[in-house]
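Both complexes shown next keep chain A, but they swap its partner, so chain B is in the first and chain C is in the second.
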Partner chain A sequence: MEFIANVFQLILVDRRQVVLSALSEHVVISLIAIALISAAGIPLGILISRYRKYAQPVIYVTGALYTIPVLALFGLMIPILGIGLRPTLFALFIYGLLPLVRNTYVGITGVDAAIVEAARGMGSTNRQLLFNVELPLALPVIVAGFRTIVVMTISVATIASYIGAGGLGDLIFRGINTYFLELVVAGSILVALLAIVADGCLGLLEKYLLKRVR
Partner chain B sequence: MKITTILFVAVFFVTAVFFTGSAFAEEDSQVILTSKPFTENYILTEMMVQLLEHDTDLTIVNMAIEGGTTSVLHPAMVAGEIDIYPEYTGTGWLEVLRYQEVIPDPDVLFDRVSEEYLEKFDLVWLPSFGFNNTFTLAVRQEDAERLNLETYSDLAAVSEQMVFGSEPDFYEREDGYPGLVEAYGFEFRQTSQMAIALKYPAIGQGEVDVINAFSTDGLLKTHELVILEDDKNYFPSYLAAPVVRKEVLDSHPEVGESLSKLAGLISEEVMMELNYQVDEQRRDPRAVARDFLVEQGLIQ
Partner chain C sequence: MIRFEKISKVFPPDVNALEEVSLDVQSGELMCLIGTSGCGKTTLLKTVNRLIEPSSGRIFIDDQDISRLNHISLRRNIGYVIQQTGLYPHLTVEENICYVLRITGNKKTSCRSRAEELMDIIGMDRNYLGRFPRELSGGQQQRVGVARALAANPNIILMDEPFGAIDQITRIQLQDELVRLQSRLNKTIIFVTHDLQEAIKLADRIALMDQGNILQIGTANELLFFPKDDFVENFMGSSSFFNVMRLLPVEKGLVSDYPVFRLSQEDAARKEVEQKARDLGWSEYPVIDKEDQLVGYFPTSEHHNGDLYPVNKLLSPKITFEQALKQLFISGKSRLPVTTDDKKIIGFFDFAQAYDIIRKSSN
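After this line comes the complex of A and B, so read on.
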């Protein structure tokens, strides 16, 4: 009990300044990474649902990238991209790509063939078919993929501090390196909270979007 | 239509971020410091950061690189991604310059390392903080008194009664256990491997009798240990000093002037005390550094 009290004392009072800046860095890194992943992942998923012979190779490659251990990735990238924000974003981008590309693709190709047929029969153009029929119906699956990458990015961003991009990982690594267990726990709790809160908000957004679609 | 809008916003956001990102990177009056990821280095870097903030008008950034071993930081210095960090002469000599011969005289080693760094990498070693954080051997104070131990050679004479404990790495290193045994003829009754953090509790509780340590470890004090003298100069010396990119010193001479105030200011005992405040008393390295600078009259 005293231990937990110490942890909160640390977060709220003793190291408040450090905690706040680490938290805001963490949020910024995650937001940028999520924006990058979405900007590339959703279009890529749509693209391979149009040109299906590329679907398997693209999913295979993003899947292969997903399996590289993140520390190894940093180690490999330091000579090329150096340290700081750039290599961190690159790593997070590579990690987040698979779930979003795959879910977008699966969502669109999973739309009932009869519905697609009907839309075509009523004279939809390709564009109308995509934006008015397929994407709205695929939305729940795409949002599920999005929620996965948000939670994942927030947790993987912890390792950003390993190569100098800051974030809550700073607290965790510092704690480990200075024999300060409370600091490790404080950092971990905040990462977990951040992920839970983000996921909760997206859950609400998902409900709202689903209502709109129906 | 809504989805195209969302896509446009996303693309716009990303582009904007990249532009602001590169704008930050170009700033010329910014000096970036970092530290190797352990207590002593955190404190030293905090001192330099606070001193530079006080003495200069430059924007001082303390970038935490928690994977920042020499193999990461040195290339980043050469590439100009960071400007200043505290390094140790022995590490520069063995790991960066990759020499194998040992230079016993700490000052000679300092001169050789700083000459070669300047020549090969355009990096400057400012005068040392004043302490040598080398590997050393530590025993319990009561044993040292009972057996009259002052040097490694004294220890070698009674080593068959003692159990030696160390982290796995030390048994493998070039400058570690095998060479040590060869140099002094130790015949420990038993050797034992454990994680670094467990070494101090282990010797405190009598499970082992001798451990390897760093001479400025704050925890030496907690567990009432004494360090012995390396009378045959087996371990290389590790004088700590700020390493700075020459370009930074040339364009901002005030950086060198400011940091030189720290030269010779920190003895081994002082550094051990500061490490102790962080590792044992759990103070923030930032506050420990600040108190030290105020005490020395370098900042208000």
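After this line comes the complex of A and C, so read on.
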């Protein structure tokens, strides 16, 4: 009990400034990465749903990137991009691509063929078909993919402190190195909390969207 | 008018879905394409709105070659109803109905009033406009599907087995509504079905297809009584003569040349009418007043006191042969008068002659 009280004392009082800046750093890194992934992943998913012959190769390549172990990927990038924010964002980007590309593609191609045909038969242009029919109906699946990358990005960003990204991972690693157990737990709890809250909110959104399109 | 000229369609590698199919669909006509699955009926339908482009041949709508038209604007001017309804689950009934109007840039308010109008036309309460498709029954969903196809007021409507996935009772209801709707709107409709009873009930003409060819085009009577070959005969035979009796309205087989005496006429004229009735083997003949309304019958026997025999039973022209036959048996008569609502006589239903009339009208 005393240990837990110490952890909260640490977070809320003693190291409040340090914790807050680590937390905000973590959130900022994650948000940038998520923005980058979304900006590339959703259009790429849409694109391969239009040109289906490229779908398998693209999903295969992003899938292969997804299987590289995190530390190995960092190791590979240090010689190229050095350490700090740039290699971190790059790694997060590469990891997050697959779930979003795949879910966007599956979501669009999974829209009921009868509905797509009706929309075409009624004279929708390709753009109208995409924005009025396919994307709204694919949205729950896309959001599910988004949810995956958000949680994953938050957790992988923790490890990225290893290559000097900053964030909550710093608290954990510093705690380990100095045998300051309360600090380790404080960092871990905050990362977990961040992921759980983000996941919960997006889960609610997903549920709401699913109800709309069924 | 829609004219198909030698339409062929080959699906790679070598499936001949259509083989030089030619067909004219008149304006205001409801043409049923019928056949077993895989016969090419849906493929032919989809060449009209160019969801499928023919491998060869041309299609003209009002003498315009549709391959020269912009396919988007072509489609916007053709109503399209499909079996699975294809309603947009994320849009309300109103937004579904207004889809074509919205993508062509109409104002939301004008769409709203058009949607209300269409709900009245298809006989649904306007309260449903704010609902989502999933909140409607299958029959209601397909009504909305029809309303959606009518929204931009197209002259041509394509219907691809629209009532195929709907239970029997609702299907008959929807068919009746389509008949009513069509008598009012007079659209050119191509209606794909595999249900012969549906085709007999709805179609002005039927095109029977098999293996990418049209085997015979004609009215239900023509296909039934004058099949071109064994395939047509077997196909029609699977439905049987009695199904036609059940579906065909009685007004299509009336004796229209019958003896009738007008009260204002001279006695000499009456003798003539009496003789005509006797020649036909009728034991009595109808008497009408100056408003053409049926007031009774005179017997053809010479010994009668000049009293009118009363009118017992009248038939409405909208009932089917089956219903008319039943009434005939109940009344114990040889024939019954068919009259409009205000008792004006249109003709007689006489079973022995009705059969001949149906056969002859097919020629």
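Operating definition for what follows: the second predicted complex is superposed on the first by the 202 of 214 C-alpha atoms of A that agree within 3 Å, B and C clash if a C-alpha of one lies under 4 Å from a C-alpha of the other, contacts with A are read in each partner's own complex, and residues count from 1 in each chain.
Going forward, contacts are C-beta pairs under 8 Å (C-beta built on N, C-alpha and C of every residue); 3 or more make two chains touch, one makes a residue touch a chain.
Since the structure is predicted, the reported quantities are computational estimates derived from the model, not experimental observations.
Participant: When the two structures are superposed on chain A, do chain B and chain C clash or fit side by side?
Facilitator: Fit - chain B and chain C, as placed by superposing on chain A, sit side by side.
Participant: On the A-aligned overlay, A:Thr125 touches which partner chain: chain B = first, chain C = second, or both, or neither?
Facilitator: second
Participant: Have a look and say if chain B or chain C is in touch with more residues of chain A.
Facilitator: B
Participant: Examine A:Leu20 and indicate which partner it touches, taking first as chain B and second as chain C; both and neither are also allowed.
Facilitator: In the superposition, A:Leu20 contacts neither chain B nor chain C.
Participant: Contacts for A:Val133 in the overlay, against chain B (first) and chain C (second): which applies, first, second, both or neither?
Facilitator: second
Participant: Write the angle, vertex at the C-alpha centre of chain A, between the C-alpha centres of chain B and chain C, to the nearest 10 degrees.
Facilitator: For this superposition the angle at chain A equals 170 degrees.
Participant: Scan A:Asp112 for contacts with chain B and chain C and give back first, second, both or neither.
Facilitator: The answer is second: A:Asp112 touches chain C but not chain B.
Participant: Please indicate which partner A:Cys201 is in contact with in the superposed arrangement: first for chain B, second for chain C, both, or neither.
Facilitator: In the superposed model, A:Cys201 contacts neither chain B nor chain C.
Participant: Between chain B and chain C, what minimal C-alpha to C-alpha distance in angstrom results from the superposition?
Facilitator: Between chain B and chain C, the minimum C-alpha distance equals 12 Å.
Participant: Check chain A for residues that touch chain B in one structure and chain C in the other, and list them.
Facilitator: Chain A residues touching both partners: none found.
Participant: Name, in rising order, each residue of chain B that touches chain A in their complex.
Facilitator: 1, 3-4, 7, 10-11, 13-14, 17, 21, 34, 37-39, 42, 63-68, 72, 75-76, 79, 81-82, 197, 219, 278-279, 282, 284-286
Participant: Within their complex, state which residues of chain A touch chain B.
Facilitator: Interface residues on chain A, with respect to chain B: 14-15, 18, 32, 35-36, 38-39, 42-43, 74, 78-79, 82-86, 131, 135, 161-164, 166, 169-170, 173-174, 177-180, 182.
Participant: Using the touch definition up top, name the residues of chain C that touch chain A in the complex.
Facilitator: Interface residues on chain C, with respect to chain A: 46, 49, 51, 72-77, 80, 82-90, 99-100, 103-104, 132, 134, 148, 158.
Participant: Show me the residue ranges of chain A that touch chain C in the complex, using the header's touch definition.
Facilitator: 112, 114-115, 117-125, 128, 132-133, 136-137, 212-214
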